[in-house]
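Next come two complexes, and both contain chain A; in the first it sits with chain B, in the second with chain C.
Up next, the complex of A and B:
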């Protein structure tokens, strides 16, 4: 193996890592806010990818152009999920909380299979395609675009959480619901907003992935699993840490696949997950 | 100013308050006394809207506030500092304070309020960027009170302000409570130590098993045999 292949893998691992980080950030945000894992997060991503795909297939709108609309649609979906489902099970038993989003995931996946079929679809001739070469290294332009846009979205999310009044109120609600209410924060609205933003993250990520990744009803499963690993790695609820955790997952995936065998790449990622959960259950970086 | 009557409050099937009530006049310092589990915090949580009573009503400055959500009650001028400070641990001191003035009535005066609470607690000035959970217990309690003041309340309720603090800090916080009361803010606080509480308060209410069993001026309560029975087992 040459250093070039290694470097090539590292770069593609980092690029994918930023996309993983954005997906995981949405999951982590919702978890941090109300300690509920959205098991339908991957299916939300799938819906975003289908949104991008149908925009292209039906109206020849490039995923990058439909991205704002897809993101908005996912935001609304997140808010509706909170208002229609989550709000009613918050006081319920733990199993009800788990199976509510799990059931939603199965429903969405089956509905997508029913409506769209199980075919793998690919967007042909997106705006960005091809690759650039940098001193013998090849970087796919779609991947580069997706990665840069995911990083920008992540930065935007971070800025929102750290620098705006609403972001501060969101963090306060995550850290102490009752105390936040006593500050005059409408915590109910923060929960809905959190679900909206958390889902909007996969709206962005799904639009970007649709440029170069196959779109099919089960596509969310793999990404969701990677997102759980990323969130566990970064620390549940610690949104900024998911960036580094996403890159670690991206690197482990690519390097594991290359150094051992591609078939084992996820096994290695999940081994990492098990190690983190066993040795450092609060995540590498702890609480936000 | 603050009047609650006939409050019945329950957690599920477990009733904690039985027809409890208090009346607080503007400018007073009032303490709620009683053994653990008597319902003092439950009463305070009901006044601030965190809990909804099954029966009874709460009035603040002539307005019914029972059933009003807590984030709106603070806008009416009734602030509540929770037991064990309950700062936002991973936000800075400054962010905690700013959030104290989050509601629309207080937000325009935020910077002015910040200077005001820094005047009351001078140590705040150097701690703005520190994460709240890294402060000492006494400092956290002061930030919690300062955060409550940032809401510019007419009445500040403090649940166990002296819990777990060193005697020197207890004195400091006692002095601060008197100082903000002199600035015209009505105070309601919870404390288990009868002598400490009644030295600070003008009047007190004694709760036992979810009922208000005694009320009166501090001097009277200090002499009361009933108070001695409950708190000294005598």
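Up next, the complex of A and C:
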């Protein structure tokens, strides 16, 4: 194995890592707010990817152009999920909390399968394609674009959480629901907003992934599992830390796949999850 | 007294059912109902009674299927011996898994079981000696033989075996319900700290629930292998199988004795029915309905169909489900 291949893998790991981070940020945000894991997060991503795909297939709109609309649609989906399902199970048993979103995941996945079939679809001739070469290293332009845009979206999310009043209110609600309510924050609205933003994250990520990744009903499953690992690594509820965690997951995936065996790359990532939650349950960086 | 008469009559009907239901497909539906009822009953012991929501039970199912099949193929042993061996392997593995994973709670535990399931599936996909990703065909034996656990002329015997396995799982659950261990399980489900403070060895109780649950699930795995005569990691170890097992119990009523059977009696015919109507074709209409039902049940009545039945009968019994989680001020520790 040459240093070139290693470097090539590291770069692709980091590029994917930023996209993983954005997906995980949405999950982490929701968990931080109300300690609920959205098991349908991957299916939200899948819907976003299908949204991007159909925009291209029916009206030849590039995923990058339809991105704002897809993101908005996912925001609405998140808010509706909160209003229609999550609100009713907040005080319920753990079992209901897990299976409500699990049921939603199965529902959405099967609905996509029912409507669109199980075929793998790929967007042909997107705006960005091809690759650039940097001293013998090749970087796919779609991957680079997706990665940069994901990073920008992550930065936007960070700015929103840290610098805007609504973002601060969101964080306050995450820290202490009752105290936030006493300070005059409408926690109900914050929860709905959290679900909207959390889902909007996969709206962005899905549009970006659709440029270079196959779109099919099961596509969300793998990304969701990776997102759980990322969230655990960053610390459940710690949104900024998911950025680094995402990069670590991306690196472990490619390097594990390369150094051990490609077939085991996800198994290695899952092993990482087990190690993290057992040895350092608060994640690598603790709470923010 | 009336209870015994009803029970006796129900048993007679179940035993006589193959005489009434003669079409192979209908018998297949019955077999699947009892297989899934049995698996969900086994899952229910750990998740429903002890409150540890495992989303990786396919591990034990797959171990049961693979252990017996490997013994049949490599050592020409009877699947019945393989069934016992599979249960032993599953129990041993469950204890090894439980030791670290039971330190986790709630969502952390659930996700950890998903991760473990994926790891085990990946390992078996890449283990060529036992068939790898291609899977294993179990050689067909003629004539039908009890020793070889193969009945290719009539599904009747498979029906009785599935029924017997379900009865076993039911019996174990019933005995547990009234035993000291069973009370420990429920105490842990309701409030782990309170249970521990009363002197219950929480770790040991969870391991016991896991062992019983895993052993029973493995029996189902061997049965499946001998019934379908083909296994591969996708069919016996996938996350979707783990989830299907949970869905049956959740729909019927988690933490209740009869919930799993009720859930299976609704879901299996639904699945087979939509398959017949739509001719398969990967349309997943059955899962679409499952998913919708599970969301509805979780939101409207987390106690499942059993709770609805009880409410309809005006029964003031406890619903058998964990109390609503206490309002949480800070963050949950895993």
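Basically, the second predicted complex is superposed on the first by the 288 of 288 C-alpha atoms of A that agree within 3 Å, B and C clash if a C-alpha of one lies under 4 Å from a C-alpha of the other, contacts with A are read in each partner's own complex, and residues count from 1 in each chain.
We take it that a contact is a pair of C-beta atoms (placed from the backbone, for glycine too) under 8 Å apart; a residue touches a chain by one contact, two chains touch by 3 or more.
Please read these numbers as outputs of a predicted model, since none were measured by experiment.
Visitor: So, does A:114 touch the first partner chain B, the second partner chain C, both, or neither?
Guide: Only chain C; A:114 stays clear of chain B.
Visitor: In the superposed arrangement, which partner chain does A:251 touch: chain B (first), chain C (second), both, or neither?
Guide: Once the two structures are laid over each other on A, A:251 reaches no partner at all.
Visitor: Check the residue A:106 against both partner chains and state whether it touches chain B (first), chain C (second), both, or neither.
Guide: In the superposition, A:106 touches chain C alone.
Visitor: Check whether A:85 is in contact with chain B, with chain C, with both or with neither, and answer first, second, both or neither.
Guide: second
Visitor: After the superposition on A, what does A:165 contact: first (chain B), second (chain C), both or neither?
Guide: After superposing on A, A:165 lies in contact with chain B but is clear of chain C.
Visitor: Just chain B (first), just chain C (second), both, or neither: which does A:187 touch?
Guide: A:187 contacts chain B only, not chain C.
Visitor: Regarding the shared-chain residue A:178, is it in contact with chain B (first), chain C (second), both, or neither?
Guide: Both chain B and chain C are touched by A:178.
Visitor: Could you let me know whether more residues of chain A are touched by chain B or by chain C?
Guide: For chain A, the partner with the higher number of touched residues is C.
Visitor: Both chain B and chain C touch chain A; at which residues?
Guide: 176, 178, 287
Visitor: Spell out the residues on chain A that touch chain B in their complex, using ranges where they run on.
Guide: Residues of chain A touching chain B: 165, 168-169, 171-172, 175-176, 178-187, 287-288.
Visitor: Note which residues of chain A are touching chain C in the complex, please.
Guide: Interface residues on chain A, with respect to chain C: 31, 35-37, 85, 88-89, 91-100, 102-111, 113-114, 117-118, 176-178, 217, 221, 225, 228-229, 232, 236-237, 261, 263-264, 266-267, 270-271, 273-274, 277-278, 281, 287.
Visitor: Using the touch definition up top, name the residues of chain C that touch chain A in the complex.
Guide: 47, 51, 53, 100-101, 103-104, 106-108, 110-112, 114-116, 118-119, 122-123, 125-126, 239, 243, 246-247, 250, 254, 282-285, 287-288, 290-300, 302, 321-325, 327-334
Visitor: Tell me, which parts of chain B touch chain A in their complex?
Guide: Per the touch definition, chain B meets chain A at residues 48-50, 69-72, 74-75, 79-80, 82, 86-91, 95, 98-100, 102-104, 106, 147, 151.
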